[in-house]
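Order of writing sets the labels: A, B, C and D. Residues in every chain begin at 1.
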């Protein structure tokens, strides 16, 4: 992990809700693994105090980027930055996905959970995996890439309905060794159940409000089963990627 | 008094330290008197919380303007605004100067204390006064106008030395009925002593940190003699202009 | 549109908004019709005139305000003669805030005020941090609060509101003492003790050193106090402490406040209380909830 | 350049900076050499492992942070086995923060820790707002603080620092009780009680409802507590509460603190403590003042 103040290399808008922030730093692109994240802060604004966690979305040579959804104060203020402005980045943080070799991998994302997928896909590809990707959004605005199996709840783009409905069918008809997923918790929950039923290993990336992002504050815990006991694990340090079958969902 | 949200009509920089902000509002230009002030707040910034007091510097038809010195957070943030941005103004506030008719009036300002002088001068002029103006600054950067008797401490522009030294000489040689002044407290103090010695009436505009600006919080008091008693008067409501001879200077 | 009427002690309010004592004055009548508020609260009045503390009395901190006004006020008689007359012109409830050095003085003030017209409630300020040997000593001692409240409520028919300080170990105990003494309602919180230093001059920024801290920085603390007190008392709470907008006001109501007061924010935008009234109406409408159901609706 | 060395109890610090318990961990050793700090302070350790509170444990408010971690920690034995080893690698003072439910448990912890190497001081956390029937009850009661401190200081030769809660009527009395009990120093303040509500869901934002409020919003309150305590005690004060930069740190030192700790701000910028060290040196140099003269230099 490093603390860097880097100028924005590029900021571009996919549509009104999503934008991409990219930076250049060789050391970082060498270090990062898919599923890891950075704590990002606009150092020119004191409030909100806390940095916010964002997954690495793409890595190309010395350039890495984030895909960000505008939902509140910080994401809105990041969206107003321009090229050259300085951003504080702490990372890479977290465990990241465990990459398999030469397997049938299925990637499932929902909404902004798509963020870590391009980088994950690239690395899995490099390890000889056969990859299928499903992505779900509410509307066409939540669709990022034409090369994956897109599903929209309103049916406006790609397949119609929840992404998990289509994944269910896919799992019935196709051999899958491991599922990688990131998205809203209700989606993850359904997906994990599907995977358990189909005896497929599933790695899920979890989200929690974070303070430190490094494991120091114990603010970001989730309940996970370990040796037949339910223990609190830190999403920032022990995660954000967990074995889906072990996660104990909050009441 | 009114609370207005007005777009900036014009912002222009005299030099690195001073700038002028102007607005258009007929109702306000009809209401204001020289020496009155407004509480100004950039409504897009929550912190610093409090608005800041600024004197009306110029009034021309439906346009009025402020002369502002960058010294801290708020003045700096106001200096970064651009034409069209919205500013919150509460005012006009305070008593303002008491204007005499057809007298020999002497205007004495120091530093940013020059701010209320152009408007005061104009109105006194309209009342048939014979007006002489002295202004003091540290360096040439603190000089705003060529038509007044400028004094600089470093001697770079106009007369050399403290403005009060030159006013002292002027008072010895010239008939003066009333002195109007605004500036740093040490200057005001010396000036009031000179006026008392020369039996000249002196009206001074005082500064205090303000919260409400309207007389509600009792935050901005100065000690003033009234009926042989020392009482607290509110700079925002009972002032900012006081009879210099009555002000009891803080220890 | 939902009108958000409430009952506070013996008073009916047309809406749950008032202004915090010491942060509002008749001066604002130039800006809007003060009758639009559910109640008006005066600055604290004492038996005799008070000069207040030496300046510097006000300091802005990064996220709030420190004051050490020291209850500057014209005294009871002058208040009755001048300000009270003017307050009576407004068609709303009038809460007169009072403070004194002894229980006896409090009672005398109430007796004198009780024969005036136009007063609807007394807010008993036993919590001002800026006056030595007055107020704060009362507000930190359960027995005295009980005794004072009991005596006051036995001499007046009007609504009696006890204003509490957060600078105590257990605000619940003080609140319960006031309730036991017969208080019709509670107002909380008064300011927290706070301080600021000029590091270049190495001087206290306030002449008095320690002052009362108010504004956005105290909101989470105020909310917590209101919530805790609401869990243990049955009388209505008038909440204040860092309320800047309708979202803040809603937090306090949901935590258990029947009414709310805007304080420091009046200095930032004197229309805040009016904007909050409107905002509460909109919220109730949009959430199809009656304002009175909202009070203490936290789960 | 002035080096700002200090004496704190029986310890010599190379500079007056440490980190606030619970806001810093060995993880940050990846970012800089932790030996640069005057001292390291561990998160609070309890006799047995603690799971901590149910999430949601953290909420950011407008100008600060609310937490209800609930002292999650691996327990004394696991701490000794793993973290303590790692802490010993750093060439600086180590302050171990501890908490327990009874005086006896505290003493047992001290006895167990006292036979370890590498510990320079104990910070006695009698002030955590997030654990029921533990900590906070101690910290609000003078007699218990006196008794606890006396017993602890009678079993150890190491520096004993009592960490105080601001959630009391008179922090001076608690501070004096600790001093009378033989404390070598005081740490203040722990968090204030605070709360936040989600107004759309009408839910408490923290699962526990009330949490500990820290960050910039509490700075004026913390400063005031440090100033008041510094007026009455003779032992050194380790100050914390909203320190974000060197200006903040200076306010606390000038108010009477011998050392300062960075807490919540570590989450914002983990280098803050290092930047403050440098800033203090610059200030002392520019103002031609020895750091130790600065302590309590307020006029």
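To be clear about the criterion, a contact is a pair of C-beta atoms (placed from the backbone, for glycine too) under 8 Å apart; a residue touches a chain by one contact, two chains touch by 3 or more.
Computed from a predicted structure; not experimentally measured.
Undergrad: Spell out the chains that contact subunit C while also contacting subunit D.
TA: Per touch definition, common to subunit C and subunit D: zero chains.
Undergrad: Name, by label, each chain that touches both members of the pair subunit A and subunit D.
TA: Chains in contact with subunit A as well as subunit D: not a single one.
Undergrad: If you average the CA atoms of subunit B and of subunit D, how many Å lie between those two points?
TA: Subunit B and subunit D have C-alpha centres separated by 48 Å.
Undergrad: Return the distance between the CA-based centres of subunit B and subunit C, expressed in whole Å.
TA: Chain centroid spacing, subunit B to subunit C, equals 36 Å.
Undergrad: Report, in whole Å, the distance between the mean C-alpha point of subunit A and the mean C-alpha point of subunit B.
TA: The answer is 58 Å.
Undergrad: Residue numbers in subunit B touching 2 or more other chains?
TA: Within subunit B, the residues that touch at least two other chains are 47.
Undergrad: If a residue has to touch 2 or more other chains to count, which residues of subunit C qualify?
TA: 62-64, 216
Undergrad: What residues of subunit C sit close enough to touch subunit B in their complex?
TA: It comes out as residues 22-25, 27-28, 30-31, 43, 51-52, 55-60, 62-65, 67, 69, 72, 215-216, 244, 264, 266-271.
Undergrad: Which residues of subunit A touch subunit D once you look at their complex with the stated criterion?
TA: Residues 1-3, 41, 43, 46-51, 88, 90, 208-222, 231-232, 237, 250.
Undergrad: Going by the contact rule at the top, pick out the subunit D residues touching subunit C in the complex.
TA: Checking each residue of subunit D against subunit C gives 61-64, 66, 140, 167-169, 192-197, 199, 202-204, 209-210, 213, 216-221, 223-225, 227-228, 247, 250-251, 254-255, 283, 294, 297-299.
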